[in-house]
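After this come two complexes, each holding subunit A, first together with subunit B and then together with subunit C.
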Partner chain A sequence: MSHDAHHAPVASKLELAPERSDLGLYRPDRTRGLLDWLTTVDHKKIGVLYGAFAMLYFLIGGLEALAIRTQLARPDQTFVTARMYNQLFTMHGTTMIFLGVMPLSAAFFNFLVPLQIGARDVAFPRLNAFSLWAFVFGAFVLNASWLFEFGHLAGWFDGFAWHQALTYTDFAPANGWFSYAPLSGTFGQANAALQAPRFTGVGTDFWIIGIQILGVASLAASFNFICTIINMRAKGMTMMRLPVFTWMTLVTSFLIILAFPAITVALIELMFDRQFGANFFNPSAGGQPVLWQHLFWIFGHPEVYILVLPAMGIVSEILPTFSGKALFGYPIIVFSGAVIGFLGFAVWSHHMFTTGLGPVPTAAFALLTMAIAVPTGVKIFNWLGTIWGGRIRFTPPMVLALGFIWMFMCGGFSGVMHSAAPADSQQQDSYFVIAHFHYVLLGGVLLGLMAGLYFWFPKIFGRMPNATVAYVASGLVILGFNLAFGPMHYLGLAGQPRRTHTYHAGNGWEDWNFVATVGAFILGIGVFMAFANLVYTAFKGPKCSSDPWDGRTLEWSLPSPVPEYNFAQSPVVSARDAFTEHKHGTKRIAYEADGGEAGVHMPSQSWMPMLAAGGFLFIGFGMPMMAMGIPHAGWIVVSGVAVLFAGIWFWALEGPGGYMLKTPAVSPTPAGTPAASTSAH
Partner chain B sequence: MSQDAAHHAPTSTGIDHKKLIMWLFLASDCMFFGTLISTHLLYRKLYPTGFTDAEGHQQFVQKLFNIELTSFSTFILLMSSFLMALAVSAMHKGQLKSFRRNVVGVIFFGLIFLGCQVYEFTHFYHQGLTIQNSVLGSTFYVLTGTHGTHVAIGILWLVMLYFYSFTGKLGGHVGALDVEVAGLYWHFVDIVWIIIFTAVYLVEYLGPSGIWGNGLPVLAK
Partner chain C sequence: MFSRLLSRLGLFAAPLFALVAAGCSKADLTVRQSTLDPKGPVAQMQYDVFMDTVWLVVVLFVLVGGLLVYAVVRFRSRPGETAAPIVEEGHGNPLVEIGLITASIGALVFIAVPTLSAIWYTDDVPAESVPKSKLSAWYGQPLDKAVAEQVLEIDVIGKQWWFRFEYPQLGLTNDAKHSVPNEMVIPKGVAVRINLRSEDVIHSFWIPKIAGKVDLMPGRKNRMWIQADQVGHYYGQCAEFCGDSHAYMLFRVEVLEPADFAKWVAAQKADAAPVAAGSKAEQGKNLFAAKSCVMCHNVGGHFGAGAFGPDLTHLASRKSLAGAWLDNRDPKAQRALEQTSPLGTEASVPVDRATFKANLIKWIGSSGIAAGADGQPTKDVKPGNRMHYYKMFNVAGLRETHQKLTADELDALAEYLLTLK
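And then the complex of A and B:
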């Protein structure tokens, strides 16, 4: 293979001699600027791209939320139609979960995991790039449904036969983020064109294929991260010395690879129902819509832990740093994370109490759901134990992390409330559930992720976000959030149903709905400010030292921004919180004798991950267009599959490639000197 | 196919990245087939009679199945796994010729299996079982079809390895690993078929009245 005939080590990849790969093509190694970003296999750049897209989708999902709240501000409003309202809440939920929280978590996985375990990259760098582009294209497909919807509203399609033949014209998904059958499915007999009558428009088909593509992206990324964490730890980095964030990444990745297949199959079955006239969920042919609910929640409940565990990992890094203490009960935090992951597979039916499961399953699922609150509570006590008696330094990440504990706990309480099945039958499908999962997801997860952004931004860009703006933004977020979602507990118990585009005056819901809308706008301004502050910092913020927080884990021992080879010499660790020990304790980080003039091995960049993922773009557009009845749309799907296979084929043939990069001979952080000062602000 | 960065450094566990990621994929695929098989079995339990044939009569699956043919194709797939094991061991010993011979055998047997499946699908279709006319048709075709797709991808992979072996680049530790990983996949797909064969075909014949309690005599034809 070509990489055995190594080039001589170079100081910068721009100095590489051009070399053809086995395919006879040049690898895009010597690129800079845009081309470099498009072909990168560097986990740090991939992480930044994930983060940038996630923030974009947070803003889009936020705008959808504000449209929803505007509609509900007063009774009997007509800001949007009922049909539009359905599309708004569906896309809002789907966007926030799959295009906001998951990719932002993935951004942290990418950026941090190799640094925290002392590695130079992930196990499969090109696969990592593939995950990124599959996510980007899947997200685009999902949101392209809006473009079709706007085209439809603007009348662009009116002249076409296929458009006139459509029964329903919601072009954006409109089934809710869990797309319950039979609403998302079909009824009656399939006709000659294999099409059974459907309850909803092609938005559902966009949703099906979009989620499917995003699933592939998540699966590929998770395989990669498990491999990386298990196999690429630096010397001395035993499993019980892993930073907690890395542990939570590991648990999350296992949840993904075991939970996503259920939704993959469910989506395939639903797709067969809608596009090929199958009967999986078609009630008029004996299909059981409740099967969809089971399959969805077998995925869906682990999914909520997929969303929250990374944020818990982040908080478990931030609290010790700013309390000046080691994490209280590290093994217990790790163990409860694993228990949560395990139990998470055994509670899915608590989302289905009202379907009438029968007394025994209902009791069993209620008990298991209550049980899962135990390891969650254990973590909270451990966090409290961590800050207890610590020398607390207030910084933006710390404030957000404390906010996380507080808000997440409120969400946990309401969760335990609806683990009691009789109580849940009152709460199900009401605003109470909305309040619950926003407390865990927004008050919990989003605050945790924002804390992470403010914590690691100085490492990612070597620049420090403005603290005053950050405090104001955090205050607005926490205030607005509680104003928006606190009252929903009351509204739900007072009977306001979720997913209903309006309500009449006279139910006693007017005032709190208005408050909630005001809160939502304050929240929106807060999140926007927090993000704007970050974007500004990335380009123009003041430079800061490489260890501005007196960090505890390996990534803080590196220069900021982190060089492309990460570690000039591979670290050898001999303690948990290796960098703290190194600076303030007795156990120094040692370094292996690699790198230097001989160089370290860097993987070659490649176009193939993007090409292969590009196949999904065709498939993603082709399937819904088939469902629209657009002639010959099937060929778009076929060509998509061809592009996907071609991409993988070239990928295999071009080989891993690689070159040797020189590194500074001594590790940049002088051993023994406490790096930087403890706190500069 | 891409053990990009790290073939220089030994791994923390001593297990190659490629092998580890294949095991992880297979774990995930277990859940995938588990879900499909459960769907099928749940509906079998719910609707013991199978489907309505072209004449509008209710039909039982046993009438449809040709258990001799399916047993034959199962046997063929099992034997292909045997050849795959030989191919992997040949590759480990660096015997490229023997690897090729065995891999051609695997591909050939795999194709026979797929041929049987195509025959079975057309036959069932003519008997009146379609994806649209019953839940049974939906679950049966999608489950076995998904398995068939796995076999087809496996064949494609092996064909590519076969041709790649002529370029002289398939060899040494990396080559043996590549073949071994393909072998893991192939054996897995084979095991899944054993489970499908048992759960979808064989159990339909259990007991005088079948485990679904449909009161049908054994092997009614």
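And then the complex of A and C:
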């Protein structure tokens, strides 16, 4: 087929003539079903895939949490072994942070950012697909360590020489999500094969390479979103008219590209220590274990804000919508988000108050940590200002958003308590800390993300989740959450340390641990109900209008589900909260004269992002297999690098492609007119 | 709507308040490792700072939380109101914003000042505490003047998964074959400087009632200071994740009157008494050598080769075993004493011989290296510990067969160890 064929606009991509790329391969543009999802470059489909995988890993991480709580329900329990417990809390933390919250945030970034800024896709659609598949394969590598672990426990490997030669036989990581060297590293001197003795088994190697791959995915996605937000805003969408969620996406993306290099360097150093005889963190060879902590936390603390800021953005969209009132102090909310991001890089050592920093650095980091409470407080005050004087409509997303403010406030308060370093020396590594960050990350972030799911689900699928089930699920989540984590404040102050797989009776911890376990199960049921409700809605839920909440931003002006070209004509906005102004105010959304029969340009689908990311699958399995001592495993790594480069090479050579898609006839007003939206209530 | 809303709020709030109320009973605040029951100036200072943050947070919680609840109730939409939203470009109110930011900073100063003073106070022994040291009296003979006026120092060495305590000024060190494993002893009312070191991974030294934690970093020397103002038996625990058996890495601190402390130092330097010829204990002593226990463990006066494992010279006087995970006291008697004694959880009954022996058999017999009392290997007490997993840290080039013990041999070994008072 000639190269010019795609210039003829079509109404549906299925009508396209088969087209060859510059490599001579057929482009997968005309696919449907599974092949369409695997090769898609549509930001909305990628967002849905991110969300689906994130919810899957939330459930896996949740099951790990329930196993942990079952073990701790009573003193001296033997539900799991010490090592299995260590593996469970390592994978629970890693899964929830890197495979749960971050991809769920990425799902919102993907789906919403182009819609909110009036764009037709992200800046680099294929890079976006690459981010997704790198995440999927990295997550798989990390969790495949469980398969090796079960194979080991079942005795499948017993006959192999490499298995008999192993000193440590943990195959799933047991080093904690923080992976402190030298426990995660080496000691003594390396032998002629550049192998030094270690404290943990190949689980740590799975962890290192898994996080490394996930870092690539996050970095690629962040560059993409920064380019998208800076360059692809619709006419009139100035920076100070950006919806707050998009603003927070921008700040988060900058945090990722500044924070992930630190962990990348640290992981490479740790990998070289373990596999190639380097001594970065090996104290017996002059290495510095505390260096790992600095590198980890200068990533790890901004990471907290990487997790929190998107949820803050979501809540900043939901509160004005259901208060019927613009966000109070928009410039200050945006500015405080940026200040949080900036200060987030200046407080990392508050995770290290007990490492013997000395009084001057301890004092400096204590004061900076207190300082970061100010912009966080500003956000809470402004949310309060937003609902103040409004007309609050109670809907599932609004209830969850109000729950977010409440829980996040509690988590922030215990955070302020930690900033007092002398008090923190009693709280550090105790259950008090667990209570604190679960109030922030679960009471805060998870409630915020659930609010976002219930808020935008009607936009994503055009179907409305069942409100009663949503209320019951939210109630169970909030109740179970407080039952599980409220008592942990007490347990920590009563001296129970974290990361201990059991405890004796007689310390006064028995009753509250049992209560916490009961709460954890209630919480688990609530989250499962909330997710099940969403999954059911995606397939069978009742259809709803395109603007069921009387939304304020551009995405609500589009039909639900959103057509693949997003905007039939590019919007021209003249106000913040453009759609509210359009419906109820004076400044209406105008439209550019594009689209229609001439069509809009759509990017071609491609196998190459997935192929390139597939290289990570080989690298991800090859590196730990090398560490296991499996013969010739190094060639798996080499072939993985080859696949990665081949994928990128073909990706570059296949040419951009693209086709023209017709959009509906030019109309003077967008889909969701005021009349349509008010009748929805 | 309003009543439904209230009942919804009540549904969440009621169990929370019940929890908080139930959590505030006196007994719960004085449990063994409570940080809310300080028994020395360092823990007291940390507790005071903590309470400052508590008051600040409670006030803010009532203010902001109250406003939030008020706003949600007051500004809920009522039936019949127009659905049309208020249209305005919300810039907020600069005066309100700046006022709130200033108030926030003021609130933080309220905790910043005590925080800073406590950081320096807890960093090292205050100058006024130094003259109270009576090193010569504890040492048993006059020390060099330069040493005699120092503050008492204890080296804490962390290993997977136990603590070793050394008193270099008093001659109680591993090199002198007089180190003290797992149960640190300090005199009452005297400042002690603690030097923290690790021989493998990172550990953390935490005695909640006496002081908050400081980490033991391999390759670095950290320090802290402590002082206990009440005699008794205190409980501590490693607080940094350090591998498989992290949960089993406990320790104890015995606080004695200074005069008793001097006696204890003298007793630590004494060698073990000879065992009676032909006794079961003598059989055990021979096994101790034959089964290569001697390669790692020191028994003053009997065997002097071992430096890797805990010093066993005074094993039978210790109230705990296996990194303080196994308690050598009668649990019922101990619980009863804690209920009645004015010392509370710091009261301690003496060692119970039967419990101790059962612990020894359980501990040495674990991991399939030896048979338990019933001839079967007992369950692993501390997975990964170096006594069994010689494969990982082939300390003395041992072979597994050299360490196998029968139930009878194990009994004899326990009998021998119980003579080491």
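Definition applied: the second predicted complex is superposed on the first by the 662 of 681 C-alpha atoms of A that agree within 3 Å, B and C clash if a C-alpha of one lies under 4 Å from a C-alpha of the other, contacts with A are read in each partner's own complex, and residues count from 1 in each chain.
As a convention for this text, a contact is a pair of C-beta atoms (placed from the backbone, for glycine too) under 8 Å apart; a residue touches a chain by one contact, two chains touch by 3 or more.
All values derive from a computational prediction rather than experimental measurement.
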Clash or fit, subunit B versus subunit C on superposed subunit A: fit
Subunit B or subunit C, by number of subunit A residues touched: C
Touching partner for A:656 - first (subunit B), second (subunit C), both, neither: first
Subunit B versus subunit C as contact partner of A:616, first or second or both or neither: neither
Subunit B versus subunit C as contact partner of A:326, first or second or both or neither: second
Touched partner set for A:584, first subunit B, second subunit C, both or neither: second
Contacts of A:431 with subunit B and subunit C, given as first, second, both or neither: neither
Contacts of A:507 with subunit B and subunit C, given as first, second, both or neither: second
Spatial angle subunit C-subunit A-subunit B, Cα centroids [nearest 10 degrees]: 90
Which of subunit B and subunit C A:288 touches, first, second, both or neither: both
Subunit C versus subunit B - closest C-alpha approach in the superposed model, Å: 12
Doubly contacted residues of subunit A, that is, touched by subunit B and again by subunit C: 286-288
Subunit C - residues contacting subunit A, complex: 1, 5, 8, 11-12, 15-16, 19-20, 23, 27-28, 31-36, 43, 45-47, 49-50, 52-54, 56-57, 60-61, 64-65, 67-68, 71-72, 75-77, 81, 83-93, 96-97, 100-101, 104-105, 108, 111-112, 114-116, 118-123, 160, 196, 200-202, 204, 206, 208, 211-215, 217-220, 222-223, 235, 237-248, 325, 327, 331, 334-335, 383-384, 391-392
Touching residues on subunit A, where the partner in the complex is subunit B: 1, 22, 41, 120-127, 189-190, 194, 196, 219, 222-224, 226-227, 230-233, 237, 257-262, 264-266, 268-269, 272-273, 276-280, 285-288, 291, 295, 298, 601-604, 648-649, 651-652, 656-658
Subunit B residues within the subunit A interface of the complex: 1-9, 11-13, 15, 17, 20-21, 24-25, 27-29, 31-32, 34-36, 39, 42-43, 46-47, 131-135, 137-139, 142, 146, 160, 169, 174
Subunit A residues touching subunit C - in the complex, by the definition given at the top: 81-83, 86, 167-168, 174, 176, 180, 182-183, 187, 197, 199-200, 283-284, 286-290, 320, 323-332, 354-356, 358-359, 362-363, 366-367, 370-371, 373-374, 377-378, 380-382, 384-394, 402, 405-406, 409-410, 413-414, 416-417, 419-430, 475, 478-479, 482-483, 486-487, 490, 493-504, 506-509, 512, 515, 550, 575-577, 580-581, 584-585, 678, 681
